[in-house]
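Scroll down for the structure; my scribbles are underneath it.
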Amino acid sequence: MKHILEVNNLVKNFELKLLNNKIIRGCENVNFRLEKGDFLGIYGPSGTGKSTVMKCIYRTYLPTSGQIIYNSDALGAVDLAEADEQDIIKLRDNEIKYLTQFLQIIPRVSAQDIVAEELIKKGFNYDTSVKRAHDLFRRLDIPEELWDAYPATFSGGEKQRINIAKSVISKPKLLLLDEPTASLNKQLKKKVLGLLKELKQEGTTMIGIFHNLEFMRNIAEHELMMPDSIVKAVS
Amino acid sequence: MMRNYKNKILTVKGLSKFFGERCPECIDKTGPEYNTNQCPVCSTIVACADISFDVYEGEILGIVGESGSGKTTISRSLYFEEEASSGEMYLNNYDPALNIFELSLQKKRTLRNKMLGMVYQNPHQGLRLNFTAGGNIAEKILSGGHYHVGKIREKASYLLDRSEISVKRMDDFPKNFSGGMQQRVQIAKAIANDPEIVFMDEVSSGLDVSVQARVLDLIKQLQRDLNMTMLVVSHDLGVIRLLTDRTIVVKNGRIVEKGLTDQILEDPQHEYTQLLVNSLL
Amino acid sequence: MNKNFGEEKKFNFGFLDENSKREIRRKLLKAAALPGYQVPFASRELPIARGWGTGGLQITMSIIGEDDIIKVIDQGSDDVVNAVNLRNLIARTTGVETTLKTEEATIIQTRHRIPEKNMTSDQILVLQVPYPEPLRRVEPSEEISRQMHAEKDYSLAWLDLYERVVKWGEITIGSQYPVMVNGRYIMSPSPIPRWDIPKLNNADTLYLFGAGREKRIYAVPPYTDVKPLEFEDYHFRVENFDGKRCLFCGSTDSYLDEGYDSESGEKYYVCSDSAYCRERIKNDEEL
């Protein structure tokens, strides 16, 4: 299978048992195929299911129906919608990363440790990992005095950049990005874009949600427009 | 450390615990649909029934529930503090075909000393406050059948250091330590014998928030550095979110939902889980 | 056998009634079958107060027969008040022969010492025990200490030893040093000095232990493993008598009691086992 990711007829509905089993539609009829190094941009108004698609791929949401076939290094072709939880955990540790809008603060772990952790998990030693974290911090203009500080009191933009560093440092095979540049100024947006383009060239396949279509088109060569789930190539 | 994600450390099948005479209706007339643990026919309390799950190598599995859910009964039964009324328990690296619940008291005790660890909510339950911190850790190592003082002290120093307790305090008494420090000594003690799995029962409840953070952080580190497998029982979804990879939700003694922790918290399927998650302040 | 016994017969042979003796014998059999295990027994009233050897006495009275020869020692000596009283009581209520010589006795009742001379498989040693529970020093609850024995979970006992080593640099237990019997039960050997503990291991003789006040009986049958608790790097050691010898017989390889001469202000040492000492002196005289 040459596709890295193949999504077939993905449907996600939410059943609110507390409100008399009211059904809320998340997304439906989502179909696309991605090859290695592709960038799929997801675009559309609020509440149309953009995050839903990504969370189904990451398995934070349980898809209602459909297939999400991912060509993993560790396990070969896997339908993420049906895979064992242990397989999902393994893939999340090693291959698939999710960049959320919110940095998960781990109490009393410094910014550099949060980021270096991703490499340490893969077997790199502490010093090498921290050095790479520092390289990324420099590229993202994170001032040195913050490197060993605890991110709980950082600004939104600073937290966002730590988050980005954390997601890209291990050069994941599949990277899911939820509004990666939302709290950043224009200059930083450009820097992040540069980082992502590099990753793309090195073979990371990505799916990203953006609010700004024009900005998105700087990097995405495919688009998924929600809520109608229309996929097209960017010309 | 390379983690074998599919290696089952602990398997539990059909664990049930009853308090009372029992009648044929007990199981059918209790549980989350009936919103009760007590049998309407014979008044037997069904603390938990039909509990089955696996814990895999290197993972932290959470069990979350409110009071009366049976979560504490489950961990106490697996640590032999209570005798299960029925069910099976397997430690796969010990003997995948041997139901540990059927072993004699003596064998259970030996197994527990060598292969299991437990951290209690209240440090007074897990520590002997009249012995030194080093002594508490030594007790666990001694119970595993190792009788070399020099080596024991070396290991105790190492564990205290890993738990961020100054080695100078090794010969001090935990009754003079702060609550958070006592918990960290408990954790060091629980892992002293390199157990297959460590049970943690509301390990950070009752601690101040800042202190909680340090304890939880230590636990996460141990998972990563030592490839430690753990079962964490908590009523606190915040703790569950922070620590666990997968979670089991229990209500009125039954499992209502199992899944990846982020999925349980963001896409809960069962009505009770949805209620629990929506009640997060 | 004392010929006066028949005329004075106001009580049963061995003072205890036959049912009591039977109960004790049954418990002794159980104790011998479970080396080191404390068997509870219904402790009878005797004309001695509790705490003065009633446990040992009940055992002696239950096993003694007309042809037995009894020796009683207290801290190694036949001559002290308690030993003399017990010996007289046994003789009066049984009419059996008494002796001061270790090798002549078939039953020896003792408090706090095992005779220096090797005892044979034709002899029985009955020890008086004040506190039968070896775990009591670390676990005050009877229920919990019983559970520890049942589950063979002795980590607390080991912890006690560990803490002593950490604090003092050695295992600082003088008497009632805990031993592991037959690899199964931790036992208190009664307050015998450490010097005597090696005699319990793989011995020819049967050892019976009686605690009257605490109502427990236990036993170490012949050829049983009895090992004092010790660490791989901190070992069990007997008392050190280097440079000391008995004032009377000159012995350098027996357990010595320390005495103080108030006139000269000097310390001296004497064999604790008076029979051993007397024999050595006698042997010297004969040479």
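Per-chain numbering from 1; labels A, B and C assigned in written order.
Please note the rule applied: a contact is a pair of C-beta atoms (placed from the backbone, for glycine too) under 8 Å apart; a residue touches a chain by one contact, two chains touch by 3 or more.
Protein identities per chain, from UniProt: B = Putative phosphonate transport system ATP-binding protein.
The structure displayed is predicted, hence computed values, not measured ones.
With centres defined by CA atoms alone, the chain at the far end from chain C is A. Closest chain to the protein centre (all Cα atoms averaged), using per-chain Cα means: B. The centroid of the Cα atoms in chain A and the matching centroid in chain C are 77 Å apart.
Centre to centre, using the average C-alpha position, chain B and chain C are separated by 47 Å. The centroid of the Cα atoms in chain A and the matching centroid in chain B are 33 Å apart. Every residue of chain A that touches chain B in the complex is listed here, in rising order: 14-18, 55, 59-62, 84-90, 106-109, 117, 120-121, 123.
Against chain A, the residues of chain B that register as touching in their complex are 2, 5-6, 56, 59, 212-214, 216-217, 220, 224, 242, 245-246, 259-260, 262-263, 266-267, 269-271, 274-275, 278. Per the touch definition, chain B reaches chain C in the complex via residues 105-106, 108-110, 113, 128, 131-132, 134-135, 138-140, 142-143, 147-150, 152-153, 171.
The part of chain C that touches chain B in the complex is made up of residues 150-153, 155-156, 158-159, 162-163, 165-167, 230-234.
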